[in-house]
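Chain nomenclature is as follows: A, B, C, D, E and F, assigned in order of appearance, with residue numbering initiated at 1 for each chain independently.
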Amino acid sequence: MTRPSKRAPDEMRQVVIERRVARYAEGSCLIKFGETHVLCTASLEDKPPQWLRGQGRGWVTAEYAMLPRATQVRTRREIASGRPSGRTQEIQRLIGRSLRAVTDLQALGERQITIDCDVLQADGGTRTAAITGGWVALSECLKWMHSRSILKDIPLRDHVAAISCGMSNGEAVLDLDYVEDSAAQTDANFVITGAGALVEIQASAEAAVFSETEFNAMLALARKGIAELVALQKQALA
Amino acid sequence: MTRPSKRAPDEMRQVVIERRVARYAEGSCLIKFGETHVLCTASLEDKPPQWLRGQGRGWVTAEYAMLPRATQVRTRREIASGRPSGRTQEIQRLIGRSLRAVTDLQALGERQITIDCDVLQADGGTRTAAITGGWVALSECLKWMHSRSILKDIPLRDHVAAISCGMSNGEAVLDLDYVEDSAAQTDANFVITGAGALVEIQASAEAAVFSETEFNAMLALARKGIAELVALQKQALA
Amino acid sequence: MTRPSKRAPDEMRQVVIERRVARYAEGSCLIKFGETHVLCTASLEDKPPQWLRGQGRGWVTAEYAMLPRATQVRTRREIASGRPSGRTQEIQRLIGRSLRAVTDLQALGERQITIDCDVLQADGGTRTAAITGGWVALSECLKWMHSRSILKDIPLRDHVAAISCGMSNGEAVLDLDYVEDSAAQTDANFVITGAGALVEIQASAEAAVFSETEFNAMLALARKGIAELVALQKQALA
Amino acid sequence: MTRPSKRAPDEMRQVVIERRVARYAEGSCLIKFGETHVLCTASLEDKPPQWLRGQGRGWVTAEYAMLPRATQVRTRREIASGRPSGRTQEIQRLIGRSLRAVTDLQALGERQITIDCDVLQADGGTRTAAITGGWVALSECLKWMHSRSILKDIPLRDHVAAISCGMSNGEAVLDLDYVEDSAAQTDANFVITGAGALVEIQASAEAAVFSETEFNAMLALARKGIAELVALQKQALA
Amino acid sequence: MTRPSKRAPDEMRQVVIERRVARYAEGSCLIKFGETHVLCTASLEDKPPQWLRGQGRGWVTAEYAMLPRATQVRTRREIASGRPSGRTQEIQRLIGRSLRAVTDLQALGERQITIDCDVLQADGGTRTAAITGGWVALSECLKWMHSRSILKDIPLRDHVAAISCGMSNGEAVLDLDYVEDSAAQTDANFVITGAGALVEIQASAEAAVFSETEFNAMLALARKGIAELVALQKQALA
Amino acid sequence: MTRPSKRAPDEMRQVVIERRVARYAEGSCLIKFGETHVLCTASLEDKPPQWLRGQGRGWVTAEYAMLPRATQVRTRREIASGRPSGRTQEIQRLIGRSLRAVTDLQALGERQITIDCDVLQADGGTRTAAITGGWVALSECLKWMHSRSILKDIPLRDHVAAISCGMSNGEAVLDLDYVEDSAAQTDANFVITGAGALVEIQASAEAAVFSETEFNAMLALARKGIAELVALQKQALA
């Protein structure tokens, strides 16, 4: 059984991380998972969101959007309907939670960092690319703050990265592209730290329910993929 | 280590399912997980949503909302901000996917069933109560259709139910109430069929990342809870 | 000439008021006018609305909504169109004005009480049930405040209740249900205090204009109905 | 006891109706109740609203708005909040119902007439001026249709006009201006036909509840005012 | 070649400016360019917009709208779509910029003047009428402030007026009405001061691109028109 | 007098056009005016917009947006306010008109091409870059259609490009960057065809009114800039 992309079941697409691509942002990178390209920027604000004021802690939040022609067929801008779709909101909440899980918000102090993830081209896995690249932009931003003595230490506890897995024709496969994603029976996204701790699991029966064995096979693949992504993050920042 | 509610780690709250509570709906139930009360109704429409017309299949969708004083402190109605929050949209998408996973949409034919889940009182776990009660309302609706010869068979492949688990002070616990949910390090929702197949897993590090061992402990508890919920569903429909 | 419900022209539906149904609200009741069921809760806030700050007075306001399957055919949630309908706004303004007419806002002090009226089931007369039940929830809330020494006295000047009347086949009838309401030539809502003073009159020619004699016949019926409702309010609070 | 305007209790402001003021509308008038000025236009459309198609009947609807500087202090445009206020919706529903009560919608045929009532200057009583002037614009429009043989007869059963009354310092007064309206204990709007039949009554306790005697005093004043308004409508159309 | 209106190529429509038409506004005028009628009011506020606070300067802004039956065929109110159209926003930004260009915002002090331009009747050229009449309303407002010693001097540097020109059948023409505007190959709006300085030029190829010679012919006509408008402004204020 | 960028008054920033940057679009380019980077894509749809159906003609329209961190300080996404700003709408209308001015819509047939212009980085002049790059994307799309025999000929009458000019310290300068734009007394945008015909002129007094001589100086500079841009468009497409 071969995958549409001819990749081995445990083979990720080629991942490229190019940092410092946005001239004005405090941190940024362009991350590519094959034909999926996401521009991630980190923007520092001097105060935390309204509801957190006066508590001595900071916040990391994320926003996510897709350019209209990132997709094979043009997608209507969300502004046309006046509000972000449920899918968009779900994704940006996921990115925010994932990045906060490895950030020491106390040490960040009363500030907010917004990670904007804008999908320039979409071929499946945009949310996992956004988390993985978002961590690089966040990391760059924190180093920038450190270099200007805004922070004494870098308040990051670990790397965090994300990857999708799926059950495709009864076999667990790693890093689905759009074609594979559309056909998968089950779709799962894993967010895992550099040390291998779990941050988020979202597994969903699309066309068929799944067994615990299948779930474990996907998790094992994810661990392999995350290890590679963390290595690439390290290399990009080096 | 005792839970705030004095329940054992693997002990659910008392669950009560009262069906046929809405005079006009084709199916309905009021489901209580302790102090969490959700009114679930099923409404049949003669045609599927626009985007599915002419494909010979039906659709099951869900909407979710909370009465403003379901909560300890009054919550502003979502209409005041003009749109459902990200959380609301995330929950209603989850309920819909969960119910579709056990429904034979082909056999349903070109129709739509909308499951409305309105939280009358909220003490944690509203989404899991909504899925578990939503299945009862859906089931009642399909039986109503069958009794009127709209359907030859009941197009349901299995039961589906949902339960939350969490890591609380380092221990896995079943069916979090609001107090426990607010304090949990990790929060996970499991949607599982009567036969024990997995439908959805959403696990999220709230205050601390989690290990695979912890995840497996939560999954084991969830399996126990789901078995009890499915037994209650059967009893309610008897 | 008989009414669809076989009731006498001056006969109300069975009215039931069950108080303390919402665990968290400062006051609440479930009121039933036959098959019309409205859940009314009172929520206390420590400060008045923005525009009233610093004037030493409080405010009572109301919000009204219907569950989507309260009705015979499912009604789309108002959130789907992004704003409350004209009818909803008209009703919530009416409930608020009616309750304020018997409340001593000066004595309430710089606070706000919000009365939420959520229709669980609708068979005509939801706004009159909401006012009648809203008064019970408000009253419970004020007693709760008094019992906690937030208020020295109960700042309520009188009971207030509401009932609909109509001209149906040339005859004045009391307390229209949905079938009768749809067919009535004229539709009138009366809000009257325990002492018999008038608070609001809304009379509207639906299918035919009406005479002063007809109006007076409806008003006389309304007075009879209000007296019964006030007696039921007293009994519920006893 | 004198009124702020020195008018007698049963004395209306000077009312002026100038018709054919809008070059393009099928019917129009500018109506002045003292310093309250409302521009009313009637616009004919060849088809009824969507929900009425194919039933052989027509529709009359109304829209109401105020110019931002119609008022003493500038009022924010409703477009700024993205939706008409509850008050605006209540008023436009009232105007529409009032005009439909005297129109033979069957005889109008499958068409819609929209009455736009735009308040150029506001000194109280804008809704009653809008109904009274709206009838003139509607009437002009129907005559225009008749003159072009679109209609065989004028499908109007009677005149309709509206006036406000109030209880001011314990006395019933006719046609409140802004100052009086703000201070009135009770505020009532009456819509009455040329033949004296009742169309709408909206009476509301503002600062104090009211008795049946007071209500009847206001109704008697309203009848006097309506008679004068109908005479002015006749004169304007002559 | 004659124009539809029989006017000479360099002939404006009859322009009439009637000031002090709005009882409550600090400044106002009704301006007519032939059958185009715009009501302009100036409203003074004691503080500048939020973003300008504390800078010692004031602001002049404008809002623009059309009554629904200002046009030959009724136009839907913008409130129905929940937001001002692109065209409306473009026009109100243009009016605001044009008036600010001749106002000494420093001398105005920390205040805001809002110019509301409401089109009562539309026959082409509404934005140019709004600017020309808006200046009169602004001027009246500033004089009112001066007369009450709110301002020591009138902080207006010059007159400003606006006129449209077009290329119609190869010929430059002044002050297009609706029929001419719809048919013009090129449409240009010029905003010019009393001293002849340029404030805004907006020239747009509608049906055909245009040459520099054509542009200069339109500009020459505009200068002639503006001179006439400024004379009329002076006369109106005399 | 030197410019902040040290450029000569008639010197443009370095302009780079890279085409075929969007994998899925029918036409695309990334255009850079110095540090201003705009991604332009052309998307073909098989039918024209609703209002143009059945007239045998096609349509070219444009949408414009900025990534939140395109700017020096992060800009809030427009989705947060539920609607595109006035500025955004003005720009996208301008781009659309400019491209339609050189397109033979009749020859395009009943189709629509949407040009999306998304600003990745903003340093002034985004709208002029968008028009210049939009023409390249449109041109690529039309060639793609021609190559697939959807069109017999390329329905483009000419090149079109745009450039800004300004009066800066009394001197006319070409192609303003952000710093210069913020400080300019006058700001003008010119849209001109390959043959030198004028398509759009938008000149606006920002800090000071301007003379005809100044305007002509800016126009002369614009002509020089447009000639260079058209040469670059040709080179890019070669």
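By our rule, a contact is a pair of C-beta atoms (placed from the backbone, for glycine too) under 8 Å apart; a residue touches a chain by one contact, two chains touch by 3 or more.
Please read all numbers here as calculations on a predicted model, not as lab measurements.
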{"item": "Chain labels contacting chain B and also chain D", "value": "C"}
{"item": "Other chains in touch with both chain E and chain F", "value": "none"}
{"item": "Chain centre separation (chain C, chain F; CA means) in Å", "value": "59"}
{"item": "Between chain A and chain F, centroid-to-centroid distance (C-alpha), Å", "value": "33"}
{"item": "CA centroid of chain C to CA centroid of chain E, Å", "value": "51"}
{"item": "For chain D, residues contacting two or more additional chains", "value": "82-84"}
{"item": "Pairwise touch network: line, ring, star, complete, or other", "value": "ring"}
{"item": "Ring walk, chain C to chain D and onward", "value": "C, D, E, F, A, B"}
{"item": "Touching residues on chain D, where the partner in the complex is chain C", "value": "82-86, 89-90, 92-93, 97, 101-102, 188, 193, 197-205, 209-212, 215, 219"}
{"item": "Chain C residues touching chain B - in the complex, by the definition given at the top", "value": "22-25, 28, 35, 39, 41, 43, 45, 63, 65, 67-74, 77-79, 82-84, 114, 116, 118, 120-121"}
